[in-house]
Amino acid sequence: MMYIQRTERFSAAHQLYNPNWTPEKNDEVFGKCANRNFHGHNFTLTVTVKGKINPDTGFVMNLVDLKHIIKDHVIEKLDHKNLNTDVEFMRGKFTSTEVLAEEIWKILQPLVEEHTAKLHCIRLEETINNAVEYYGE
Amino acid sequence: MMYIQRTERFSAAHQLYNPNWTPEKNDEVFGKCANRNFHGHNFTLTVTVKGKINPDTGFVMNLVDLKHIIKDHVIEKLDHKNLNTDVEFMRGKFTSTEVLAEEIWKILQPLVEEHTAKLHCIRLEETINNAVEYYGE
Amino acid sequence: MMYIQRTERFSAAHQLYNPNWTPEKNDEVFGKCANRNFHGHNFTLTVTVKGKINPDTGFVMNLVDLKHIIKDHVIEKLDHKNLNTDVEFMRGKFTSTEVLAEEIWKILQPLVEEHTAKLHCIRLEETINNAVEYYGE
Amino acid sequence: MMYIQRTERFSAAHQLYNPNWTPEKNDEVFGKCANRNFHGHNFTLTVTVKGKINPDTGFVMNLVDLKHIIKDHVIEKLDHKNLNTDVEFMRGKFTSTEVLAEEIWKILQPLVEEHTAKLHCIRLEETINNAVEYYGE
Amino acid sequence: MMYIQRTERFSAAHQLYNPNWTPEKNDEVFGKCANRNFHGHNFTLTVTVKGKINPDTGFVMNLVDLKHIIKDHVIEKLDHKNLNTDVEFMRGKFTSTEVLAEEIWKILQPLVEEHTAKLHCIRLEETINNAVEYYGE
Amino acid sequence: MMYIQRTERFSAAHQLYNPNWTPEKNDEVFGKCANRNFHGHNFTLTVTVKGKINPDTGFVMNLVDLKHIIKDHVIEKLDHKNLNTDVEFMRGKFTSTEVLAEEIWKILQPLVEEHTAKLHCIRLEETINNAVEYYGE
């Protein structure tokens, strides 16, 4: 089993806010992340795929194909967008890095499996200090 | 003459939009940066100050003082903010990296000069690929 | 299960030395790391915590809480310190990156568990070329 | 169990090409990586070794020894070389990052085990966006 | 005067070799860089342009335009190429980072000046340790 | 005129302390940097040299020569050392980054000039947030 990784980047605005709570409770829990006018980040997404090496190519999966899958199905929908208002698959969800990683997993998993490889990990860095990793379970 | 640098980071939302233009012209010129709902970045700000080495400290200026000046007067006002709507000193201005660097210069220049040093450069990185530098003239 | 990471940095002096050995044996085994007058590093500490996403926040654990735990209980005790002489929890121990990671685990594990999350990994980078990871067993 | 890592770098030329295919098929599958005149990369190799902490040193394994093993047996053979024509252990193999990681594993595994540690992972980064990891099975 | 920067990356093979010298002299002067079968690097190109801020856009020059100029006229011709054999504008020249930076300047200078800005600096990084900068004179 | 850069790294302990002041005054001015038992950093040194391109090599100066000059005359004397007690050329001086950069300039300037190039800049990074640059005047 070999693991291959592709990293892509996107820049987006978001806000952490629980509509079932009072504004005061939101400010208390989410602090400056609850800013009503949004803030934003450069997100770094690293997708890890695992599989056997194809004896005809030396590849687990062509990274050019993986790049196109990530760009067409994830980056295109998130880059220069507002995660709370512009993104169909985040509608009604928290736009925390955790939830975003989980949703990216759901999008990419079936697409990667069309290539005889398996999705292994979604890593999402929000700043140089904060990141999440999701392994699908 | 010795040059010293301090780097601080902030995360903010913004939008590039000229209110004197039609929406179509804005989309044509600013592309996805004109998104009406905003997008965002992790900005990296590097402030360079120049001066002579103080023979009593070995410092041009105490970097702890420089850090506090930058944090109190710039980062505090920009971090987790919307540059178009939340920031007094950007009111009515383009929130391009160029204009932001120029405004940060105006804020920091008199504050640095209270410390027998001179402001030399404001460097602002918007992504790993885009940056600006301003030397005050 | 979702994994979240917080990175913090500290700068410290240390020395690798086995008091049961002769100076010559120490120099032979530890080389320039045995310098009697100490040397130092900028250490980068990445703490990974795992847990389920809280449906009220979208968080495994509030990263602001994790940041404060790490800063108050680890960084505060190590930053700008001499690991061999100034740090209570390293008293009588080797100040290798391995041992330091293990001791940081012991400190953080109970504190993280007060937050319905579990400590997963302590990663400690000593230089851009050297690092250790500890998973608690 | 403690995991320690050492990173080394090398610069090499290579080409992805399947000699059993037509030139057209090679261009179709490998794209610009099939350039007959070669292209190249700065590769970053991170070797992870696992083991127990030695109570006499505080080390899993002396990183200076690990550094020398990697430099003498891997970097020396790959740095400033053409992976397709100059490297004995890559003869007749695809010079994909996947295959290269697998071959580096085969070289380092017995050498690491002479040091009462076990090889855990070979990570090879080809660009800031592409990497592979191999865990020996 | 404001300075803006755009960074792009390319991967290429090359060889340092003076055809007027004996092979022995080439090996003596260029060392492992003279490898007859080529080696390669990931090059990082940073282009700095200077000018006044356009009051209608807040830009010195649209970075999307600068990106396209760099990609179409430089990256396209260098990426996944052999600098000694595949690149028209390097024909008969040393493929040192110095000479490459100088040639990139010659290509970009007139193209940037079509945009009421001036080319200020070509920075080219060959590895994390080696770089050159050229200011056109 | 072409500028070339070589980066080397060293790890060292130091302490900021003015022996003409009381301990209290030292603590007030230098804060945690005045720790009597020392702290330390991974320093990153970037040396910029300028000159004309030699038509026989395509080089301003062979970077291998520059690397050896820096390693033999600077890194060898600073790496894994205590800047306050182990380094002849820092004897009796503040070990601030500013003073250290100035002293490195004095060592390297005559050595670089033996190679028909001129020393242009000494850049010294103490942490990812703090750096100095010195241009010799």
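We just call them A, B, C, D, E and F in the order they show up, numbering each chain from 1.
Keep in mind that, in the parts below, contacts are C-beta pairs under 8 Å (C-beta built on N, C-alpha and C of every residue); 3 or more make two chains touch, one makes a residue touch a chain.
Predicted model only: the values in this text are computed from it and were never measured.
Q: If you take the mean of the Cα atoms for each chain, which one ends up farthest from chain C?
A: That would be chain E.
Q: For chain A and chain D, let me know how many angstrom lie between their CA-based centres, rounded off.
A: So the centre of chain A lies 28 Å away from the centre of chain D.
Q: Averaging only over C-alpha atoms, locate the centres of chain C and chain E and give their separation in whole Å.
A: Distance between chain centres: 41 Å.
Q: Which residues belonging to chain E are in contact with no fewer than two other chains?
A: 128
Q: Graph shape for the chains shown, where an edge means the two chains touch. Line, ring, star, complete, or other?
A: Graph shape here is other: it fits none of the named patterns.
Q: Using the touch rule from the top of the page, what pairs of chains touch, sorted by label?
A: Here the touching chain pairs work out to A-B, A-C, A-D, B-E, B-F, C-D, C-F, D-E, E-F.
Q: Would you pull the chain C residues touching chain F in the complex into a rising list?
A: For chain C paired with chain F, touching residues are 9, 11-14, 32-33, 35, 37-42, 79-82, 85-86, 127-128.
Q: Quick one: which bits of chain E touch chain B in the complex? Just the residue numbers, please.
A: Answer in residue numbers: 1-8, 48, 53, 56-60, 62-64, 67.
Q: Once bound in the complex, which stretches of chain E touch chain F?
A: Going by the criterion above, the answer is residues 16, 18, 20, 29-31, 93-99, 101-102, 128-135, 137.
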